[in-house]
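Below is one structure; the comments refer to it alone.
Going in written order, the chains are labelled A, B, C and D, and every chain counts its residues from 1.
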Amino acid sequence: MVGGGSGAFIGAVHRAAAVMDGQIEVAAGALSSTEEKSLASGRELGLPEGRVYGSWTRMLEGELALPEEDRVDFVSVVTPNHVHFPVAHAFVKAGFNVVLDKPMVHTTEQAEELVDAVEKAGVVFAVTYQYTGYPMVKQARHMVREGHLGEIRKVIVEYNQGWLARNVEETGAKQAEWRTDPGRSGIAGAIGDIGSHAENLAATITGLEISELCADLTSFVPGRRLDDDGNLLLRYEGGAKGVLIASQISAGEENDLRIRVYGSEGGLEWRQEEPNRLLFKPDGAPEQVLKRGNDYLCEDAKNATRVPPGHPEAFIEAFANVYSSVAATIRVARGEQPGDGMAHDFPTVHDGARGVRFIEKVVESHLSDEKWTDAREHPATDGPAKVGKDALEGRNLSRDPGRSFDH
Amino acid sequence: MVGGGSGAFIGAVHRAAAVMDGQIEVAAGALSSTEEKSLASGRELGLPEGRVYGSWTRMLEGELALPEEDRVDFVSVVTPNHVHFPVAHAFVKAGFNVVLDKPMVHTTEQAEELVDAVEKAGVVFAVTYQYTGYPMVKQARHMVREGHLGEIRKVIVEYNQGWLARNVEETGAKQAEWRTDPGRSGIAGAIGDIGSHAENLAATITGLEISELCADLTSFVPGRRLDDDGNLLLRYEGGAKGVLIASQISAGEENDLRIRVYGSEGGLEWRQEEPNRLLFKPDGAPEQVLKRGNDYLCEDAKNATRVPPGHPEAFIEAFANVYSSVAATIRVARGEQPGDGMAHDFPTVHDGARGVRFIEKVVESHLSDEKWTDAREHPATDGPAKVGKDALEGRNLSRDPGRSFDH
Amino acid sequence: MVGGGSGAFIGAVHRAAAVMDGQIEVAAGALSSTEEKSLASGRELGLPEGRVYGSWTRMLEGELALPEEDRVDFVSVVTPNHVHFPVAHAFVKAGFNVVLDKPMVHTTEQAEELVDAVEKAGVVFAVTYQYTGYPMVKQARHMVREGHLGEIRKVIVEYNQGWLARNVEETGAKQAEWRTDPGRSGIAGAIGDIGSHAENLAATITGLEISELCADLTSFVPGRRLDDDGNLLLRYEGGAKGVLIASQISAGEENDLRIRVYGSEGGLEWRQEEPNRLLFKPDGAPEQVLKRGNDYLCEDAKNATRVPPGHPEAFIEAFANVYSSVAATIRVARGEQPGDGMAHDFPTVHDGARGVRFIEKVVESHLSDEKWTDAREHPATDGPAKVGKDALEGRNLSRDPGRSFDH
Amino acid sequence: MVGGGSGAFIGAVHRAAAVMDGQIEVAAGALSSTEEKSLASGRELGLPEGRVYGSWTRMLEGELALPEEDRVDFVSVVTPNHVHFPVAHAFVKAGFNVVLDKPMVHTTEQAEELVDAVEKAGVVFAVTYQYTGYPMVKQARHMVREGHLGEIRKVIVEYNQGWLARNVEETGAKQAEWRTDPGRSGIAGAIGDIGSHAENLAATITGLEISELCADLTSFVPGRRLDDDGNLLLRYEGGAKGVLIASQISAGEENDLRIRVYGSEGGLEWRQEEPNRLLFKPDGAPEQVLKRGNDYLCEDAKNATRVPPGHPEAFIEAFANVYSSVAATIRVARGEQPGDGMAHDFPTVHDGARGVRFIEKVVESHLSDEKWTDAREHPATDGPAKVGKDALEGRNLSRDPGRSFDH
């Protein structure tokens, strides 16, 4: 593990998720940004003395120095965003399997470089869009694929949070600090942190590609340097339409990721805060409430569960499914047969790259007077200008009187 | 009553709503589009023989011929949209109080003419945006006004239906026929029929004026001549942002009008399908579920209810509240003191006019390549071109390959 | 109408319900317990002068003095409980159709006398257990009858209220006063007022007869003279088991009437506070949410509705269904064909009599040390002793230290 | 760990729960009922070779043979019920800390012997009533203790399942087999398996002691030897009343453990299937929805959570809280200061003993014609006869025509 030292909330969640199914144990780590903290955190976790590293570069060297069968099976990177690229890139190039937090990297250039590296190295590479690890998300994906909804016409995906409704980054909240800092978070705030989850959820369930989008971002809280609210109109390849809402100033909301998908034959609805239920609304017939753990679900949904119906599973279990799938996939890659049906069911480097492009296109659209911004990986035309680093530097992100940070 | 003869669903609802509180009875009517049907419907309703009219013009003449104290106290107009203007305008000019279905009229020109007429005649004039008659909508309005949410930052208002997911207008559904016919419905389909309700609900609760909007309309069902789905980004005067979704192809949804409002201090959520509950989500404190009929609600919410908490009230009761407020207001105008606290709490001709402008601006935005369309009543600049009748005539509303009906 | 004068909440609800469908109008009344109030209330309602009576006996005389075709078509009796029997009995004997509030009368003797009178007179007689007027209750009844649940094994029916959690009868709440007064309410409090509704709901849906019951009643609020909480174990003919809970001290609850029924093939769940939904839980398949107004429902449920799916109907509409069915049944009795499919779908004098017996048996069980009290209409054995008036007089209903009012 | 070998669902859950917080690892085990399976399961789990035992007696010997500091810190016993007593008793007497599945043992005699042994040995001893590990259960307990509900008057606790609605024990379902076998499960079926959880939940939240109870048990499924449905009336010390429902034939229900508690000032409601929410219904004020992870909760609820609000926690996390509290308590016992605030917050041997007595009293009541069975630990009178082993042997548990398995 790289990052995730003492006090880092997300590191503990990654570890709880990783070890849940008894297949993974934390074997080595460079857990913090300074040598001192790294060593202290590693010891606190009870890592073997020789496998506690003071920095990720030392860890890379140290692990490479071991006989191949003694090295870590994969590296989990859970640092703040700006460190994602160098760490992941280096380990991939050295032939390690990697699990990386989202958003994958800061720019499309980095994303493309990483995709190349992963393909060349042939390693297993996962991005922890953990919400798609929920069994009922897999069931929703299955039902769309199998045509239970008919032709998809409309997607409404939302991620509403309220934790940044106040200026908490100036009152000592560590996570709020880096999340609202362009240097560490990248060019987007709410869109980067949670909009990217919404994008991934919609893409995972529907398989649709966004062709054009129209974004309106806002930074409501005075002094905030990145967007804390974003609303998007979406147009998909093939004609479906969509709305994506991502907000961190929706006071009173907690972690309200939800999606509705409508097709010509019916609709689906899923909410992360009640993850064990999936609503299916067939046109002209009673609404159905599908529940995790039941025999009537698809194989992917059944494989991704641990306890019987009615014994709820939740966030850490969804996270654990990403890790279990990585573990199974590594085993398959080694010629083993893990037998749990979990292999190859996690977000890949391509999901990660698409997420990075999404963030860039949203910011580009926000800054544009054009109604629609082409968001396809391979636009038919020459396509609009790149955003990325330059745009970030030139932007004045402070709140204007009309409250949107337009320029 | 004008319109609402045998078989017209909405006429029976208007009557049930009007008579509910024992203050109103149907005294006269021109209930259908032909003389024969009008007379038959009037007799079926048991109207006195001399007050059953064959057409609305005869009704106007007939009522004016009566001594003033014997005339109807007000006229309720529940015809298809294209008949709204001439009927309402004529009765207003003749000095009758009027209750008119929404959308009020087809064009801003008509709306302005009607506003003038109402102001000159000094009559009581209501538009039946009946959803704002729900007690918990009045409570939501109260809480926003009293500052319980702090400064309003964001509005998400939706109206999702699925009844037009199939081409029902070609299989004999009478209401579907006129709702999808530009000649009778006006320039917009879903936006005109239900988007206008969503606009009215948001405006009633928040009091905010839309300054700019960006719309994407679609006609998903092959052959349909008006939009059956619309998604909007909104910018409000003062800096709040919004999303408005109106769809009649959201298969599996029934009458899913809902709104969420977020301010700097908390959020509100209300759903028409569970109208007796209002969620209040104060930042940093437990969510509250406010319930109709309780002493802790505001006076307007308490006045607008009939039965104790837990005995649910619903659609017809909300509708009845519009009528009861009209009755109380007419009494006040006559110098009576109705004592039920209901006077002057209904949607007025100004709400109606704003709704008409909203529909026009949405269509204008949809047809525009500009991201933002100015939607203010009095734009700062010279403002964008009028849409209205001309645009309607020139548009080809059939479905293009990309499924939006753009030009 | 007898009873229901100014200020009586339930009278206004009865009237709103009766007139909703345009088939019934209030034509005459003896609306209060004194001549003066009766006349004032009648005038306030706008009744024709000659049909406002000072007492129910005068009304009976006055209506009988009219030519048969000018008399009221039926009499609605909405007085406090102790007046039910004499009024209903007299009008029935005189040949009038009657709608009577519940519980029908105070004792089984009265109930039997009334059943006899109704059968002899051949009149239409309804008891307003209005909750069974909800369309989704009719749907639940249909599904049980059609075997969708298999063999019924278990019933859990509850009616939880909190409005008597405090001693409101001593602080001027008029309804609380008579509801807690044995002289006017009868031998039971919560069991009589709302337990009887729960009994009727379970009996209507399942068609099962209670064979034995075991009751524990309590009077929690100091000074209260009747039970304010009751819990029952039920055994049904044929082997099903049940639990019935009725409470008026469940602080924080409003009007929480709900029922769950489980059979060998699946379960049903319905809640009065969300009356437009019915949950069906087939064993081994996804839960279904059936919603009012849809084509997939049974005929009785579809006939009993006025507005399309998603436009909620509620308490007054359920009440109106009882009146509409009475109106249709009277028409059928006259040889007309009302055509709305509503005839003969209301609670009858037999439901009323069963409800009275239920109340007596619950009190009998509560006072007994035997575990099971036979509750059948025709017990196999000689049966247990009668309760009724004697028991009431001899009981000390004040609260004992253990809080149950056993004596 | 004793028990919980390959294929045993609950063993894997115990392990996932135990290791979640990085404080516990499985160090040794006798995982199955035969030596062969035990060894195979231990190897599969990756236990060190010397710590895989063929039976629990060998494990006891083997661990005792190690230096004290190398022994397991505690033993987790997750066998079928009939093995609980000998294993737990032996390890306790040998001075090991023990975590034991529920119901603790089969008879009150065993329970008392175990209580004595634990008190003499001074070891940490927990019974995994894991549902009380949910943070919102801790919050409910806190609110009752702090008087937010006033004086407690009524408890409704239910545990509805449907998995035994069919005769699954005869179609190869391993868990159904032993759960319905008196030899392995004890004298009760649904009451023992899940009724005991309901009892523990109510006792934990309210702190009330049951003084008397009245039970009606049924075995609905033909051929089943133990009750699959039970309904109870409860009387508590101090005057509160209660209803307890436990069923495994409620077709369509999954794991519907829920509780409502009403006091003189308000009510509480919690459902295991949506464990992150707790409803608080103060009399006369809006209902509140308290949500896990928030600052406004009590310390115990906050200590027992891992992820921020809105990231749901569920069954395994609740289970993990029992283990974490045991770990913290063992540390405290050793003079360490774990610092997570979790020490001494788990169900003890006394909870276990009370649960065993509850099961016996329920069966005793079911077999009795007396309405009330004294259920106190120390009855005022000489008390009713013991049930237990004798009653079990003498009973014919097959289904009688009336479907209750009375005699």
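Definition applied: a residue touches a chain if its C-beta (ideal position, glycine included) is under 8 Å from a C-beta of that chain, and two chains touch if they have at least 3 such contacts.
Chains and their UniProt names: A, B, C, D = Gfo/Idh/MocA family oxidoreductase.
Here the structure is a predicted model, which is why all the values come from computation and not from measurement.
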Steps needed, at fewest, to go from chain B to chain D via touching chains: 1
Maximum centroid distance from chain D, chain identifier (CA atoms): B
A-C or A-D - the one linked by more C-beta pairs in contact: A-D
Centre-of-Cα separation between chain D and chain C, whole angstrom: 42
Interchain centroid distance [CA atoms averaged], chain A/chain D, Å: 37
Rounded Å distance, chain A centre to chain C centre (Cα mean): 56
Sites on chain B at which at least two other chains make contact: 253, 280, 287, 291
Residues of chain A that touch chain D when the two form their complex: 9, 12-13, 15-16, 19-22, 45-46, 161, 163, 253-256, 272-276, 291, 293, 306-317
List of chain C residues in touch with chain A within their complex: 280, 284-291, 294-296
Sites on chain A touched by chain B in the complex: 149-150, 153-154, 156, 158, 160, 162, 165-166, 214, 216, 218, 220, 229, 231, 233, 235, 239-243, 245, 247, 249-253, 260, 262-267, 280-283, 287, 368-371, 401-404
